[in-house]
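Below, subunit A partners subunit B and then partners subunit C, in two separate complexes.
Moving on to the complex of A and B:
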């Protein structure tokens, strides 16, 4: 082999290697900061700086992580049953998942947003939306449980939600799929979209003290798809900005037909004005709607479910000063308002630039009636240039969502080019770009949607994981990537796996929440109708074929633990009261053959398992949550006799009752 | 009463100090039960905020009655009021055997005492279940103590 030939081979291999590298979505390890391990390591016994509440997407749940460690602390069931907590299985929790369509065990939780006071997370609640059967949920940050779920009428899929106003006066719900309003008139040809399909934007009020939801009013709009929204704050408080796509009003092959217009819209809603019109009685009562309103009561340890049948609707085309459209290229996803409230960033997912609108210029345009010649289905359209602050040129491909830091910078996620781009709001100059692995959707800066972002950390929530973790078959976890954004350049610190698909997240400083976390339910405040107030009250009662077992648990025995006189055909309700009053001392309850899961009962709480025995015999039951050295002894027996048997109802623990 | 206030003040001061020393720049850590050296442990008084418990010569029957209601809910699952052991030892004689301060401290602050008290450690070897913290208020604990006295024959 001569030298020349040798050289040629080396060159060929080198070229091949380079081009192979180029095809792969950029090399991995090089981007990681040198001391990343040190900066994300939280030593045993110490705490993370931030709670990170992360949407669980198609899992229907919400998870709680620590930052910067990326450790998972808790998964909170919101729109889905959860065997770990008996959520949706115990008799008390079943009503939470009821809808006007019946029991929905699994939905698609999209976004979450914190409750705000003066534009800052106040540590009271997290809000979440379900995208399929449209609902809103409120999660309690003392108990880390879902306290309330309300269904949204006149709505196809509640995607554009649960974004809240500066003081969480309202949580927003808006339809992704415009549909004809609810009622018998909605039986129309699908091809009649343009005439018959409407958007609805719901303003769900939140009681400042209890948090209780009420659909204060809905705005009926032209039929388009609403994607995301962001409430005004500071100078723009009182307004809501929502991205609209499918302004083509296509009803089929949206991939092509809803991608034709060069510009879609950001819809700007003057919600304070809407409040005034509703107060003045300008809304119409619609009474052919049906929507569920489910509430959890912390004292009865039970949920209630009711169906409501009325909502107040304002048709936006009947008002000249309620809603305006701002043209925005092209099929916008994120519509994000800067911390001061002055700038509105549209992230057009098919656009090659990022338009940034100025609230001040937008207000001037309204005052000067700087409108396009034609309204869009009756709604005035502001001239693009009149509201524009400027455009970020060549930012990347597929901008989706933008958040902000505490230094006047914005961070935009790019799905197609798999990167996060940092740019300065004032002069729209790009300052840094870092690759993500891969295809980032939403991103989150700690407090990045508030008036005073905490900054420091950014998390990119990526849709594609591919080669980042040990493979687990066809389905892989979605990944989160933590960046330190305190310096000029963003530094990648950590990858961590997530649950379901994290569409959005919130980060709240640990010290805002950790001291408020509930440790036990006070047994003296327990108002459950079937509470057992101490072992002396434990008993079994028959009423027809309904048998109620009033049962207590404490380390480490169940009372009663010998139960006889149950017959085939009985419906047995085990009302288990955990009489522990110590933190982190739940007891579980499981009985052989139960078709309906198990229970996990917190200290001071009463929870119910319904059991219908299917055969004669002896059925063991036991505590499922390891509680003490004698946990394995925490068990008992139920005897099931044939129907009509003369074995009397009896029960005891320790010694046979006379 | 004055004593109690001073004791509380000292308690808060100690708590504040310990909190402070555990803070560090980026992460915080807090220990609920600090394992101090056992040398300063007083096995007569136990460990907790109850330094001096005043007992009447006679029983406060109303208080004892209320104590029994609380005990039935929070204690009777594991303790009989006789000398018979259930999960934990029976209560007969307990108010004669221990100082009132020891009882009040133990039932309001069980975990640190189980870690240090020689008698409680011996009990743990027999029972193998740590007595749960049942979140008794000071008032609850005092009422339970009165019930224990009644149970031991104080009139």
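Moving on to the complex of A and C:
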């Protein structure tokens, strides 16, 4: 009897325990669409639908993937050296990474944005920003190389960048860490943030044809942290919207001290007006700045570096109709403008709702002078309600970024609740939510920042990967997750690993780019000062202790491949010209003991490796890229003799041998 | 002069068209050799004009050095100097025969054109043979017994390259001209025979 009762109790407890377990929501089990494999499978030899340009974050690189396959095609060094390509190691590429601080071989590449024409990617360039030593880069979509880097003065941490205007008239750069303006007077107590620290927003113009950067003007603003920005388009073309946090103007323990205000701001800048003021000569020339401007020349196959010392600055507090602040709850991160340009979505990292502002209402509020009683450091503040279209209620935790599709919907990433939420702009109704694995940061809809989003795919770029892939020690890759958004519900199709930390990304239809991709450099257009025009001109020249080797490569030999007369104390420059004119036929070059990387020379290109021999002896060199059946034979020797040796300079290949 | 009686106006028109077609042939690619390999999925092409070589000549020369083949240079061929004039001669000859209206000349023209066609093909074969066989004994790749003569017409595998040799636009036009001329000759021959019979 007793036993029976005991048994009953045991059973009841067991049942209850099991049921509790069942109450626990299912974890990351993964709701993958049934035919996901089919929808992401690109058969061998076939092409992806989209190019996906993905920022590499702290790798300083930009990577190029295909969508929907998630296959990695290329990693492009932008703010980083890359020994694979000799980038930052060859004499020609070193100037690209020069700054006013000297050679800075690394940076934190945060965002990628396409060049736009009429609000659509035009396939010319990708722009990228660096967050540490503030810089802006332009990447060529014919050569898939970094063509230009400009440093941004008066700025600490160029995070709020490289967002561009509707026709890429300007690329924006702005300080995440406000600092005192450059110059000798910037030696101030850090605690004097409120008086001395200023924000600077740079408008960097882009030449329509060449793409060349020029800092057209900077706006000096109250000291805050600029986070992200989005240029107006369509109805709001001519405006720029930037999220500001730390409106508390804290200078220490920002985690707490910059999270106090109930509302921070979205700064709205009338950049067309700013243009007018600059044209009217209202800006001040600041001449105590120093910033680098580095350009790549496709014909000399070399970069140039110059330091500029002047910038035009407009102080926004001197104008009434240039800049307005719109209150936005709790440390906004993303500020994103809808395809029509009418709606501006602010994503307060710490807010429990998403405010959506209306450009029309904002314009009305300006006209009616619907301002708060007090200006913020001299800048007019619009009343929150006057500019508000509405709020998305209970969207999730930790909203960061919003992208748009072609059907009037918005997609917001939530870091804390680790999900993507789809909602309708018109009535702010939530339509769907899907988990991400784990903690999504940026997200990207194909063309989601343009006037006519391509839609179809959304990629979530996740900060935490944990158990999603085979473990590789403490350091794990960040992951991307591909969703199909063509239906009512978002469908998870694919996880794929990424390089560094992907922040923002862009997707461009394959057919816009693939036919423009360069195959070879025309050897006849090669204007490198140390080009070797054919094997007959290969030679070695001494000038003091500088030795220049004019060298050619073609399958499967290097000319010259026997070099004598080099002495200790010489600086040897190998100017390697790849005289191939055949697609996909690069040759590499490396020499034993070089305190340097290899070279990887494209057909028709000339690239230079500097080598300072450190001992007497015979040094082999060889082609590093398996080019042909006789690649292993593609090698040669340098003889290094003591200083003052009477071994004459000589060189040959093959037939000149005795 | 039975054989020299007038050519039918249809045939005269055909001969004039042939003359124009041959004029075009001077400026069009006559023959084409297409090369395919695993490393060249997009293919390489050598085009032979009456006066020059075109296509990816430099790349083909670069590859051929492995097997010790001589590099191709248009300057090495007397053909490229002579050929445009020979074809030009036929342009005038076709026109002349059409205007002369003399049937006998059609026969002569046919004979000359046929002879030219045969000589040209023999010369082309000799050319291919020499390139395929006259190899540098110091070449990196020597396969005993292997020659690299591309086919005169059709497909042949040469190590990793598949070589496909066919007439190009100009070549097809040249062949069409030959066929039309053959038809005219046959037609005139028949007309002449009929006339002879009716005269009997």
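Throughout what follows, the second predicted complex is superposed on the first by the 627 of 658 C-alpha atoms of A that agree within 3 Å, B and C clash if a C-alpha of one lies under 4 Å from a C-alpha of the other, contacts with A are read in each partner's own complex, and residues count from 1 in each chain.
Note that a residue touches a chain if its C-beta (ideal position, glycine included) is under 8 Å from a C-beta of that chain, and two chains touch if they have at least 3 such contacts.
All values derive from a computational prediction rather than experimental measurement.
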When subunit B and subunit C are modelled together on subunit A, clash or fit: clash
Touching partner for A:629 - first (subunit B), second (subunit C), both, neither: both
Subunit B versus subunit C as contact partner of A:353, first or second or both or neither: neither
Touched partner set for A:559, first subunit B, second subunit C, both or neither: first
Partner contacting more residues of subunit A (subunit B vs subunit C): B
Which superposed partner A:520 touches (first subunit B, second subunit C, both, neither): first
Touching partner for A:616 - first (subunit B), second (subunit C), both, neither: neither
Subunit B versus subunit C as contact partner of A:42, first or second or both or neither: first
Intersection of the subunit A residues that touch subunit B with those that touch subunit C: 554-556, 580-583, 628-630
Residues on subunit A engaged by subunit C in the complex (per definition of touch): 554-556, 580-583, 628-630, 633
Touching residues (chain side subunit B, partner subunit A) in the complex: 24, 26-31, 72-74, 76-78, 86-87, 128-130, 132-136
In the complex, subunit A residues that touch subunit B: 42-43, 45-49, 510-511, 520, 522-524, 533-536, 552, 554-557, 559, 579-583, 585, 628-630, 654
Subunit C to subunit A touching residues, read off their complex: 42, 56, 58-59, 62-63, 66, 140-141
